Amino acid sequence: MFELQKVEKKFPGVHALKGIDFTIKRGEIVGLVGENGAGKSTLMKVIYGAYQHDGGQVLVDGRAVRFHNPRQAMDMGVGMVFQEQSLIPNLTVMENIFLGFEQQFVHLGVVNWKKMATAARQQLDKVKLSIDPATVTSKLSFAQRQLVELAKVLTLEERVQGDLVILLDEPTSVLAKEEIELLFSLVRDLRKRASFIFVSHRLDEVIELSDRIYVMKDGAVVDVVDGKDADVASIQHKMVGRNISKEYYREEKQKPFDAAKPLLEVDGISLAGRYNDISLKLHAGEVLCLVGVEGSGREAILRTIFGLQKPHLGQVTLKGRRVETFSAAHGVECGVGYVPRERKIEGMVGGMTVYENITLSQMRNYSNAGVLEIARERGLARDWIKKLSIKASSENVDCANLSGGNQQKVVLAKWRSGGSDIILLDHPTRGLDIGAKEDVYDMVRDMCGAGVGIILVADTLEEAIGLSHTIAVIRDGEIRKWYDCPPGGKPSLYDLIHYMT
Amino acid sequence: MLAMATRFAVPCPWEKSVENLLTRDNLQKWAPLLVLFALVLFFSIANPNFLSMRNFARISILSTPALMIGVGVTFIILMGSIDLSMEGAVAVCAVLFATMFTALGGSLAGWGWLAIPGALFVGALFGLINGLVHVGLKIPSFMASLSMGFVGIGLSLLITGGDRIRVEDPLFRSLLTYRLGGFPVMVYVALAALLIAGFIQGQTKIGRNFYAVGGGEDLAHASGLNVPRVRIIGFVIAGIFYALGAMLAVAQIGIAETVTGRNLMFVSITSVVVGGTALWGGAGGVWNTLVGVLIVNVIGNGMVVMGLPSYVQDGVLGLLVIIAVYLSTDRRSLSFVK
Amino acid sequence: MSFIKEFIEQETVNRRNLLLASAYGLGGAAALRTLGATPARATTANPTIAWSYRDRTNPYWNYIVSGGEAFVESLGKPKDALVNLINEGSSEKSLADVKALLGKEGSNLALAIDANDAPNCRPVVEAVAAAGAYVSTIWNKTDDLHPWDFGDNYVSHMTWSDEGPAEKTARILFDAMGGKGGVVHLGGIASNNPAIERLNGLKNALKDYPNVQLLDAQPADWDTQKANQIMASFLTRYGDDIKGVHCANDTIAYGVIEALRAEGIEGMPIVSYDGNQQAVELVAKGEILATVFTNPHWGGGITAALAYYAATGAFKPSAEPKEHREFYGPTILVTPKDAAEFKAKYLDSTPKYDWKDFWGPGNGQIKYK
């Protein structure tokens, strides 16, 4: 009833979806798995109407359709239950359920709350949730909110002629074990009302729930596995697929790090709800990679090391000195540089020039009594533009006009030029094309050569394996496994995934 | 639906093509100046009297207090905040300046000159309190400064009892009456202050910090900047420029009173915005504000010179503000505007 | 003294109400006449004197009350013998206070009042008349309500018109210009009644001066800065054609004078309105040729005096002609010739008034348009 035929999606420099074929039958639960960057989220966005496909066809009951926005998709019976919940916390449950569709309860411009409450109760019954529809949403537990969200999507049933397709994006990530089981039994129950697309990193759960599983890799569907025959290991192999090119990750340039020179020691830090009892050491010239699924706590660990988040327990020691005050300013002073995932938010200031961005964290060194020495700033920027071969016509160019890869180089130049020797990289190659990625890999090797220690949260597992000296596999906020990764003795993707999921 | 809508509209970073940005940038950069020239041309054709040194001198006299206030608030707007306290700040500075000036003998030739640093200090102090209230108590800048503006108005009423204080020292008034090259001295004073503002903006650490905080506060924070301190210093600098504007307003009219700052909030913020400084912060600067102030005052002068009623003037200014904000906003980055 | 301006702005709304009310008030007037005037009760030797007005923090009302107090003192009583009824801008409170006071004093009351808005004047007057007490009103009254319809109990009504005085200042201005040349007018907020009246005064005077030309009239919103800006623009547009400036009030004149000073223009004839302290000083120096003073102190005293002496029987209101029952308040023209004298008399000290000279300073019977 819902079908994708040879669907294509391209972004400049990235071929995100390559000829995807996908079908879902009435009452079916279909799993969708793949690594980060395999194209899952792009595919979901095409399905629920946030993106428009540029090639192929989307068919509903055999008719070709094109969703220009999620509302249109909803009108055709396609609804989405978000991973980050999309309920508005200060509204009541019933207001959230009927947000945007209040008109049915309005008489002469006045909302009939009683009628809405009755209707909301009916929706909540579908998900077996017995709460007062007038409860303010923020008072609910995560699990309850998840169910309210599901109830909200199920209102489509009354509005839409035909069948429902509901996407569940990582619905279990915030749930406890017994809550997950409750959700699963509910979803099985609801099969008579709708078909489900279930997206999750937890393969065992996907296998448990799904009738069929689509495995994606590099923007294509590599296999469709029947739920009954599936096992975690084989799916993991399919997700990983190809061989890693040693050259691509500059493995030949990987030198052993200096174990006698620890730059950073983290001892038993915990932050409630984020990570638990994390201990690690970073040495000069080392690339330490934190591997784990989305939400496993990698990013929070980086933010703590930089000083943005104080841990509840444990201690951080930077170059032999214990960190007492957790602040970004202190982190910068101690030579820690942070390259966040969202370049636009925390990485570089669009609207400021290349040289202004490069000296942003070290203006003290380029000013005298508060007056900037702009000539020296520019000189520095020119040096780094050359050193990193940043493609900018001059140091006076607005950073917003640079390509993603060059923006990333500017951010790295900012930290390196300021003498930072502990660099935290969060998805440094996200959104970059292959050439730009290789530039970043080169830079990583060069930095190591210069005695810099790097903590990396990689965009893909191949990247993590290729670049790192050491890998820590994190699951649910705890380090599950350590790997040493000397050239030639690297763990396989499968080894990692085994501990990740 | 709103929450969903915001999520869906997150722009794809690859969509921006470079040419697109270039034309937009250029438009943003040069549009205010082009508008100014077009206006001058238009009014000159409508009435040739417009295009005369004497008239330019008149426009520049009227522009000076607004320019100083506009420059002050530019720094705040560059940080992505807003300051609405200028009318109160100007009232307090003007009234205290006149009071001190009179108490110290009422002449620049005597000890009266001390009132000038005195007023600048008052302005700085006012800005400091403003900044502390905003940053320290975590009150949104528009509310903190609006309230401080009321405090200022109340304070100046208390000092004057509603009366006006006259400043008639010929030496002080020579700011208006003595002319060099056709322009009164006060115009040169304002230009000197503008150059200092330009220096702060372009050549100092704090100026760079304003842009960084306005362009990306999280980023500035993540780069180790002390953002609260930057904000407070911004308000202090703005306060000093308000004091300067207050004194020039007194020099222009010869009277210090509670309503000395009246209408300056609208005029200064309009000027900043029309000059092309983005209300979201991070782009623009004091040179834009100069152009903006001139646009606003050229319209004010030109409309009367053409013989159009003043409500048409207000309408045209309102329209210009909308166009300016439209041009200076990258709407693709904003899916939902509150 | 910008309070005069503020007061007038507030008053505008009330005047508009008055016009509206008058439209359907005619029927009411006829009905009232059939009721006839109740015969005046016996007069009383020592009535309580009360002033009912808006608020004490407004300088205009302060002047009014100071006049009332001066009158009370002239009777040999202490200041606080004057009862203050403050309505805080509420007609309901105004009426309730009056009724409460009547309940206590009965016919033994002499009331001076601004009824806050025009429609409220009738119930106040009717309540006072029913109790047999005496009332004099200022400012707010509907056009169909007249003192002579209530026998002696509604003693008088006083209000002010700006058209005549503004015409006088215009004539002074035109004469100073030698009866020829261009004149510009800088007005108040365009919709304000006084602003309209003052411009009309100028236009009336123009009829007699065929060689004087009104070049332009722009609203300067009673504001010094705005006046300064508009005058500068006028200078660009009309240059030397401007031979005189007619300002709607003093604060506007200050802005005009500074705009001229900036250009080094001296001796330009300027007239203004309100009689502020600073303006009077400028008149004395000859920088302004004339301004107009409305003397709220006298207005406050004489209104109380009228009610009081009617109550004591010192005069019988119903025996007075209509121009003594409804009249315009005084306007004093201040010119360089008499400015010093005026300042000494009215601003530096408070003159002693003869509170029995009810109609001397007034400006004749109210005319309804």
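Order of writing sets the labels: A, B and C. Residues in every chain begin at 1.
The criterion applied here is as follows: a residue touches a chain if its C-beta (ideal position, glycine included) is under 8 Å from a C-beta of that chain, and two chains touch if they have at least 3 such contacts.
Just so you know, these numbers come straight off a predicted model, no measurement behind them.
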Measuring from CA centroids, which chain ends up nearest the centre of the complete protein set?
B
Going by the contact definition up top, give me the pair of chains with the most C-beta pairs touching.
A-B
Farthest chain from chain C, comparing Cα centres?
A
Indicate the whole-number Å distance between the mean C-alpha point of chain B and the mean C-alpha point of chain C.
40
If you average the Cα atoms of chain A and of chain C to get two centres, how far apart are those centres in Å?
75
Measuring centre to centre with CA averages, how many angstrom lie between chain A and chain B?
43
Within the complex, which stretch of chain B touches chain A?
1-4, 7-8, 12-15, 18, 21-22, 25, 202-209, 211-212, 215-216, 218-226, 282-283
Chain B residues touching chain C in their complex are 47, 49-50, 52, 54-55, 58-59, 61-62, 162, 164, 166, 173, 176-177, 184, 249, 252-255, 259-260, 262-263, 300-307, 309-311
Taking the touch rule as given, give the residues of chain A at its contact with chain B in the complex, in rising order.
11-14, 50, 69-71, 82, 86-88, 99-100, 306, 308, 328-329, 331-333, 338, 340, 344-352, 356, 360-361, 363-364, 367, 370-372, 374, 398, 400-401, 404, 414, 431
Residue numbers on chain C that touch chain B, as the complex places them:
2-3, 59, 190, 216, 218-219, 223-226, 228-230, 232-237, 239, 254-255, 258-259, 261-264, 278
